[in-house]
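Next come two complexes built around subunit A: one with subunit B, the other with subunit C.
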Partner chain A sequence: MDSNSRLHIADLVAGYGHNVVLRGVSLQVNQGEIVALLGANGSGKSTVLNTISGFLKPTQGTVHLDQQSITGIPPHKTFRAGVVQVSQARDLFSDLTVEENLKLGSIIKGDEALGLRQVFDYFPRLSDRYDQQVSTMSGGEQQMVAVGRALMSQPRMLLLDEPSGGLSPLFVKEIGEITARMKADGVTMLLVEQNLRLALEISDRYLILRDGKVIDGGSTDNLEGSHDDIVRTIYL
Partner chain B sequence: MIEQIQSVLTNWDAMLPVLPQLVVSGIAIGMLYALIALSMTILYRATTVVNFGHGDLVMLGAYTLFILLPMVTFNITLESSALSSLVSFVPPYLVALILSLCVLFAMGYIIHRVFIWPILKGPHLSLALMAIAIGYAVRGVIRKEYGKEILQMPRPFPEQEFEVFNWGGIGTYMTLDEIIFCTVVIVMLLISYIVFYKTRFGQIVQAMFQTQRGASLVGINVMHHNNLIWGVGCSLGALGGVMIGLTLVLDPDVGTWTLLRGFAAMTLGGFGSLYGAVIGGLIIGILEKVLGVFVSTAFIEITCYLVIVLVLLIRPRGLFGQHATLRI
Partner chain C sequence: MKLNRSIFWILPLLVLALPLVLNQYLQYVVNLILVYILVAVGFNLVVGNLGQLAFSNVAFFGIGAYASGILTTQLGMPWWLTVIPAGLCGALAGCAASIPALRGVRLFYLAIMTLAFGELMRWSYIRTPDLTGGSMGLTVPEPEVFGWMLTTEYHKFYVFLFIVVVVVIATSRLLESRIGRAFLAIKNDENAAAAMGIPTGQYFVLAFALSGFIVGIGGSMYAALVGHLSPEDFDLIQVILHFAIIMVGGLGSLIGSVLGSILITATPEVIRHFEWLVGSEEWIFGGAIIVVILFLPRGLSSLLAKVNPIFKDRYYRD
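Now for the complex of A and B:
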């Protein structure tokens, strides 16, 4: 584990009951880096994020954040350590307003005023919808609230699970641009994404997961035109 | 039944003067139902579990006070005059009451942590059966100790009656019990309102009610807060139990009576709505009294069942239950 490492995972084994999903996953995300975790459905991508967040206890392996072990600690402690997840289902407080959702993002940790300034800077649209009930918003806007809520606590490590899932191409483009801005501002991210073009566009490195193991990976630099090889590695 | 309703309509003028008394008595008993419904709603808001064993925990609250009272009233001689009785008996009573609420808080906390939390993600049927089983276990322990004996709860204050207003020469009265109970319940409602709508704790509960996973994602220790809320809910229920013990009698089976009224108030007010639970309790209390006198005494027992059936048929989300609005 080098000193530049923000998140370091070694030999992670985890699953649901007797169903082992992760079979020795190892990866590292360095400070300020975006790493895309790619893989077919069922390869264990979301399970990796849920194990890091503490929703699943690993039966083996370690998870370190800035050289501190966060292996197997419950989600609220992982959050306090600085790891914040935006889940695929978003898990927003749908009957509450945008304001209430965002403020709840910093209820345990974080500077509320600073968080709101940052979120409105990334998502100006949310400041216009401040009093709107989240359940009445479109999928793309809800995704903005979910990412905004995660940013409210000024996380050290952001886990994004399918941020473009179910969104229109316009919103996918917008989410991509905002993620790139967040990276420029130094937010470290581990990204699970099915949209290969988006994932490779915004991330520094990629890792391919198959049957609960990292089977390939590399830098996303100079990948233009070679996506077919990655698709083959993922699915074949 | 139709004849009885016709009789009400024809004798309306004769019955009208007693209506204020019935409404006042209905509000007084309705306040108790409101407190029970409120305590059940608090549990529901935390874990979306309808605690079908709640009535027995309410009953346990009353019995705990009954058990603790002799332990804290040692060496105090009750005087004959009402005032000296009040002065000498109320402080130990308060101590016993506070201890009972603490015991029930601990019970609620432990019940959630040990029996509910491990199966919280399971099917609702399992949770309902677990709650019923806990309730029956509590009832069984009390029955084992006290049999089916009906006990009288010692009184902390004398039985007195006050005229609250007079309408055309016919007075409307409230007992001291009713006045104190109504005051206590109103204070509890105000505290609950402040805690659940104006504090950080209330925001956390609101978040957990929406989605427990979402609450975890913003760093809330869901299990700990659920434990606390179960403790608070059981304490509030115990307070209701003490009042029921004073109003009625101490009986191990009073839990079913309590649960039905609390559940009916919750159903009428709308699951998860704090003020709905209170208004539901008040409406049921008034309906019981008014229908019980004007139509048939049978309505005192069946009103809560009728309310549950009618609300579920006509407006399943109750008066103030939340309605999801989705944009497609």
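Now for the complex of A and C:
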């Protein structure tokens, strides 16, 4: 584990009951980096995120954040340590307004006023819909609230689970632009994404997960226009 | 309607004049309303604000009442000194009642377990006659505050009103704080709340303990009001009554707790004053509950909030 490491995972084994999903995952995300975790359905991508954020206890292996172990600690403590997950389901408080959802993001840590300024800077659309109940918003807008709420606590490590899932191409483009801006601002991210083009466009490195193990990876800098090799590695 | 939030200070002041216009019996009914306001405020914390279907309220009520009664009869303490200990006994019972919820018991399972807790306590009152007087009940001496005997309903009213105003304001502040927001988050989605760094288990214990504390104080007031405690005072009918109060008033609403207590406690008494309605109290009472729940599913407080937004509960400071 080098000193530049923000998140370091070694030999992680985890699953649901007798069903072992992760069979020794090791990966590292460096400070200010975006790493895309790619893989077919059922390869264990979301399980990696759920294990990092404490919703799932690993049976083996370690998770370190800035050289401090966060292995197996409960979600609220992982959050306090600085790891914030935006799950695929977004986990928004649907009865509450945009304002209430965002403020809940900084209920434990973070500066509420600073967080709100930053979120509205990234997502100006949300400032116009401050009082709107979240359940009445479109999928794309809900995704903005979910990412915005995560940013309210100024996370050290942001885990994004399929941020483009179920969104229109216009929103996917917008989410991609915002993620690139967040990276420029120094937010470190581990990204799970099915949209290969988007994932490779915004990330610095990619890792391919298959059957609960990292089987390939590399820098996105050297990739040519075609991603056929990666697609073959993921699915074949 | 042009109103501002100062109405919340003016109303209790106006209420101060009630003893001038009420006879002893009606004053007793008003005092009972004050008791049930605390019962409803405490109950609403767990059911309305935390969103848990837990019916241990009647146990907290009985424990608070008996704690006060036992401390005054067995240790000779003046009533006013037993109010906080009664609340603390309720809080302890609240911690105990939160254990099933901490172990992941939810919905109907939690409801039935907490109902059983209330029945277990009632059985305990019957089976410990040396302390509680058993089935015969416990006669509580005249309440006393700093040497001043509360011999009439009017005297009790001023002391009760003071306690209720303090507790309601404190609860309002609490619900507007981060603690209230955490309750709201847990009610909406426990997993999402945990993902936001909220230690959900700790907040479960806190909500149940606070609920027990407030309802325990209500129990202590009840002991001082009725002067005689019997295990039947804390049976399943009480559970229905408490539930009706918060449903009719408005789940998770402080104003709703007050409105529900007034309506549910006062309606049967008002009906009794009309000779031609005597005998049909239960019909009217039951019908009123059905009508309110059918047409105002968020309770009377939602109606008031429509009339003027200042009556809407605020859980976020501007």
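One rule holds in what follows: the second predicted complex is superposed on the first by the 235 of 236 C-alpha atoms of A that agree within 3 Å, B and C clash if a C-alpha of one lies under 4 Å from a C-alpha of the other, contacts with A are read in each partner's own complex, and residues count from 1 in each chain.
FYI, contacts are C-beta pairs under 8 Å (C-beta built on N, C-alpha and C of every residue); 3 or more make two chains touch, one makes a residue touch a chain.
Since this is a predicted model, take the numbers as computed values, not measurements.
After superposition onto subunit A, partners subunit B and subunit C are found to clash with each other. Judged by the touch definition given at the top, the superposed model places A:Glu99 against subunit C, while subunit B stays out of reach. In the overlay built on the shared chain, the residue A:Leu22 is in contact with neither subunit B nor subunit C.
With both structures placed on the common chain, the touch criterion links A:Ser135 to subunit B but leaves subunit C unconnected.
Within the superposed three-chain model, A:Ser153 lies in touch with subunit B and with subunit C [touch as defined at top].
Residue contacts after overlaying the shared chain place A:Gln85 against subunit B and subunit C alike. Contacts of A:Val187 after superposition: neither subunit B nor subunit C is touched. By the document's definition of touching, neither partner reaches A:Leu56: not subunit B, not subunit C. When the two structures are aligned on the shared chain, A:Lys109 is found in touch with subunit B and with subunit C. Subunit A residues in contact with subunit B (one complex) as well as with subunit C (other complex) are 53, 55, 74-76, 79-80, 84-85, 87, 91-96, 100, 103-105, 107-109, 149, 153. Interface residues of subunit C facing subunit A in the complex, by the touch rule stated above, are 178, 181-182, 184-185, 188-189, 191-200, 315-316.
Across the complex, subunit B is touched by residues 53, 55, 74-76, 79-80, 84-87, 89, 91-96, 100, 103-105, 107-109, 133, 135-138, 149-150, 153 of subunit A.
Across the complex, subunit B meets subunit A through its residues 200, 203-204, 206-207, 210-211, 213-214, 216-223, 322, 324-327. Within the complex formed with subunit C, the subunit A residues making contact are 53, 55, 74-77, 79-80, 84-85, 87, 91-96, 99-100, 103-105, 107-109, 149, 153.
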